[in-house]
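Each of the next two complexes has chain A plus one other chain: chain B in the first, chain C in the second.
Up next is the complex of A and B:
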């Protein structure tokens, strides 16, 4: 009986990686172009923005909250950074400014969610509207073209071979792994999401932890936004919209529990790769864009179903092992 | 007077416990029959059997001379038995009238007949002392108002027997008077009442008959006038305490925790006590007497209005558990599930979480953390395959030990244990007593122990403060630490 439990546990632990590998194999069979270096690089470039935002979403969902403003914050902070770059010509200044804007939004989100204890769903939904308005108010609905060297955030190749977008994925993933696994703050995130009353009683400053999490989330969104604008070679505020749902999808597919307290950075990376591969193979096979949306929608439902089902199974295992 | 409800030979077992053992009770028509006993004597189980929520293993229930069996609360309610629970069930966001008629809302074809509902509600209110409009939301009423409404509802729906489970536990003295008047009126209308309580003064005020339950048995029954509070308490307690406690006296040391005039309006008043290094100080009292609330205030989980807390002579500014831990105070909370464990995380993280608070730097030294955790995990002999398993797979006693491990790693000077042995098996209980004794003896920790089990308090403590309705009613030490003395103070009988 014990052996059986162990195998089941291992399967559960690596289930997302197994799904990813299966999808890669299936894709390779379905399309001869899938496994070419160019196409693989393409997949990675395409998922870069979603992945960066997914790390933020993962961290927030671990605390038991949700951030629906990630997409529009990315659009706003990215576009303002472009505007500042066009005006000053300084990459460092504009990138820093973008991050500060993201942090500011996170600060406001955190004020209402962590301090005033409003539901994050409502606050960040409202923030979607506020941030989109805050950029289109300035641009009057126009896009910014001729962004000059700002495009390197989305298109440069480092050391002659490594696309900067992939570099960002790796960098953000390492930061998130360190944050979640090796810092006290990371532990507090899990504790708060697992049981916030227990967290208070264990001496954790729950308000502070949640607040800081939203600030980091805002910064991540801003970085994702600047990568996005670089890839687009333009400042297009509306392009950020919708990324928050993709980020939720990647996070949940990656094994993060919607009820909080469970989730990893690597799982999230795998989750967004699964979605990236799915998008890619559907494109290669010529699946219509509208059909793609339907398939992706069902995918999120199936992922949550797995999450819920595996929890129910765990409780039966407990009884058997007694 | 005729017998309204007669219980004969009621027995009920749960795995490992005999909750009720051959209980006999006779409730006469138009009287109040008090059922008294310590916490855990079987009062609530008995009530749930009468209501049909639990099924008895053996025994008979006679209603008006006819044998009945209830297999659900609906059935007993149809037979005219109403329950007023300690925890009142209501829908706070709905109006008074909706709450009152929830199971019988007037409607046709699924549509509400609001006007008829209002009419029925006002009929019910007639010549009763009720100042609320039926439209008011129930969440805006006081607990005692809601209780009155429950009683009103019971009467309105033709209840002939009303069972009240410690109805005064959460209402003010004034409201108690009001409740007693209502009960007197009910008696005049021929309604019979089973009144569950352990407050002596109340019983002598309103009860006609009394039955004392102890360890699931009905030990004595009769007219209230045949008893006095001393004899009742003796019957309630009446068992010998074996010497199972590892308690040893520790030489008197400096005062570590000193609480002075701590007050929180409506909850507790002018609470002052000292705890010395190596001393175990107990807090006894009935549920709702304010013991837990004082502990939570000292630990910063709840706020307090006035008073001060000193740790080793220095005034401690405690605003949150975080600041309490920094001041060297910890609290093992009463409700392990709600305010203790992180159920989806492993044992290791559950143990180390609070010690991270007192460590410097932003990063965790994973290797050192694991070593410290495994060390304490082994010392306390937590029974789990490893520290990497999920805490929810452990038994209650072992989960409690995990939380103890958590607090031991903090190296606190003051440790408050709120019901440390509640809901855990006997073996684990004694291990926890041993740990507490060692903490006092070896580590010179100042310990506060809150418990509803008097034998364990008497067995473990150097002195015991007894609380009654938010005040410290007295303090017993040495040979005065008897169950009789403590119960007398806790029940508010001048002693």
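Up next is the complex of A and C:
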């Protein structure tokens, strides 16, 4: 009896990973090119920006809030960093400036959401408009080209084999795992998200925790934006738009609960990879454009359904084993 | 601290309501009363209502406006699709330059921010405010044609620019033919793509008339002329560079040989080019796009993109204002015309770099 529960428990814990592995196996059978090194690298490169933003989204959703400004912040901070690089030629300075811009947006988001207690949905939706306006005000609708060495943030290969975009995924993933699992701040995030009132009762400064979370989210968005611009080899503010919904999708497929308090960095990475692999295999197989959208939509629903169902079972088992 | 903040907020709110009430009054009147009377009366009333210090300013304003109406300065409104979009911004810029050549006209820009309902609201407001001419850069010409016809028949002449007239019978129209744009690039592609070449196609958003039109141009002047060419795949990349890049990365895995990328705009073609470059496969491929903005021109100069077709915003502005001038003088009621597309390739790329430097796209 005990053993059975254990097996079921691991099955539930890794439900998203199982979906991903099943998809990879199926893809490998369907297409001979799928498991080549270059193709795997391609998938990782393609999901890099979304994944970086998803980590931020995951952290914010854990606290029970949402960040809809991620995409445009990425577009704005990325483009301003490109502009500064073209003007000064300093990679360190422009990368730092981009991160500061992201942090600044996070600071403002946090001010209204954590301090003034406004709904994050509204504040970050408004911030979408503000940040996009803030970049197009300067560029006047033009894009920035000939960005020189800035493209190394998206196109360089480290040690001759590791694309820098994949390095960024790994780096940000490790940061997020440490943050969520091994710091006091991380535990506070879960506490705030699962029950804000009892978190207050336990002496957690909810305002401060949420505020810091939004600042970190802004920085992550900025880094994602700079990777995106590097990959595009141009500063294109509008390219950031829409990434926030992709990030929500990856986060939720990865097992993060919309009601807060539940979610992991690795789960988010897996969620992002599920969507990435799906896009990739459909292109490899030459699936027609409109059909692709339908399949993608249904698979996401199925993945979330599978995840939710397995979690429901988990709670019933807990009661039974008592 | 909290008290202070709340007092400040209340103050802001109060000021906000006062200001917005004031605005409402004036707009209500303007729609009801006739122009000249309104200007005088408003000035009088507002002078009474407001503090004495502000009164002289109001009088000056009223005088200015009445002066203007003596000179018959035509008020023209431009409703662009989205000032954050590169081509719309360039077109607006050229129109602003062009209006300066007509001393009897002045132009106001009201951005639609890529939202159709905003554009329709702007259109409605401009008609209500009595603009003499409206230049509409429509987001959805087919959806807007009917209302445009209604406004024109009620006495406000309108021009649809850079899109089809959507079936509107009474508005002026300055447009480029998307089929021709595709055809111009297709003719170059038909020469350059090798025998039995294999190509991939990147399309704009589903149902977009320019994407469909350009595709038709490629069909007639490339694929129908060269039946030996094989189309490997065709996907919607929604005009976006990053999506063009993603598709190309996958395609290079799926197909051992790709000779050319046919794209309905430059951004997607340039995304595919980035992917091909990263894989070291760009040397033996050719890349075709449409739009001819700064990014494409610079890429052609660097030996990346092969050819593109440009919609020359300057010509749109010149010919557009010629028509507006004639309409306002009462010579014609409306005119519909097509601006021919222009090919950009390595032969004339320097010329276009100069043009884009002048309009500020290349700094």
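Criterion: the second predicted complex is superposed on the first by the 280 of 322 C-alpha atoms of A that agree within 3 Å, B and C clash if a C-alpha of one lies under 4 Å from a C-alpha of the other, contacts with A are read in each partner's own complex, and residues count from 1 in each chain.
The definition used in the following text is that contacts are C-beta pairs under 8 Å (C-beta built on N, C-alpha and C of every residue); 3 or more make two chains touch, one makes a residue touch a chain.
All of these numbers come straight from a predicted model, not from anything done at the bench.
With the C-alpha superposition on chain A as described, chain C and chain B fit side by side in the combined arrangement.
Within the superposed three-chain model, A:238 lies in touch with chain C and out of touch with chain B [touch as defined at top]. In the superposition on chain A, A:198 contacts chain B only, with no contact to chain C. Once chain A of one complex is fitted onto chain A of the other, the partner contacts of A:257 are limited to chain B, with no touch recorded for chain C. Between chain B and chain C, C contacts the larger number of chain A residues.
Applying the stated contact rule after C-alpha superposition, one finds that A:92 touches neither chain B nor chain C. Note on the superposed arrangement: chain B and chain C approach each other to a least C-alpha distance of 13 Å.
Those residues of chain A that touch chain B in the shared complex are 182-185, 187-188, 190-191, 194-195, 197-205, 257, 259, 261-262, 314, 318, 321. Residue ranges of chain B in contact with chain A, taken from their complex: 301, 320-322, 324-325, 331, 333, 338-345, 349, 352-354, 356-357, 359, 361-364, 366, 390, 392-393, 406.
Contact residues on chain C toward chain A in their complex (touch as defined above): 82-86, 88-90, 203, 206, 232-236, 240-242, 245-247, 249-251, 253-254, 267, 270-271, 274, 278-279, 294-295, 298, 360-362.
Put simply, chain A touches chain C in their complex at residues 31, 33, 36, 38-39, 42, 45-46, 49, 132, 136, 140-143, 145-146, 155, 228, 231-234, 236-239, 279-280, 283-286, 289-290, 292.
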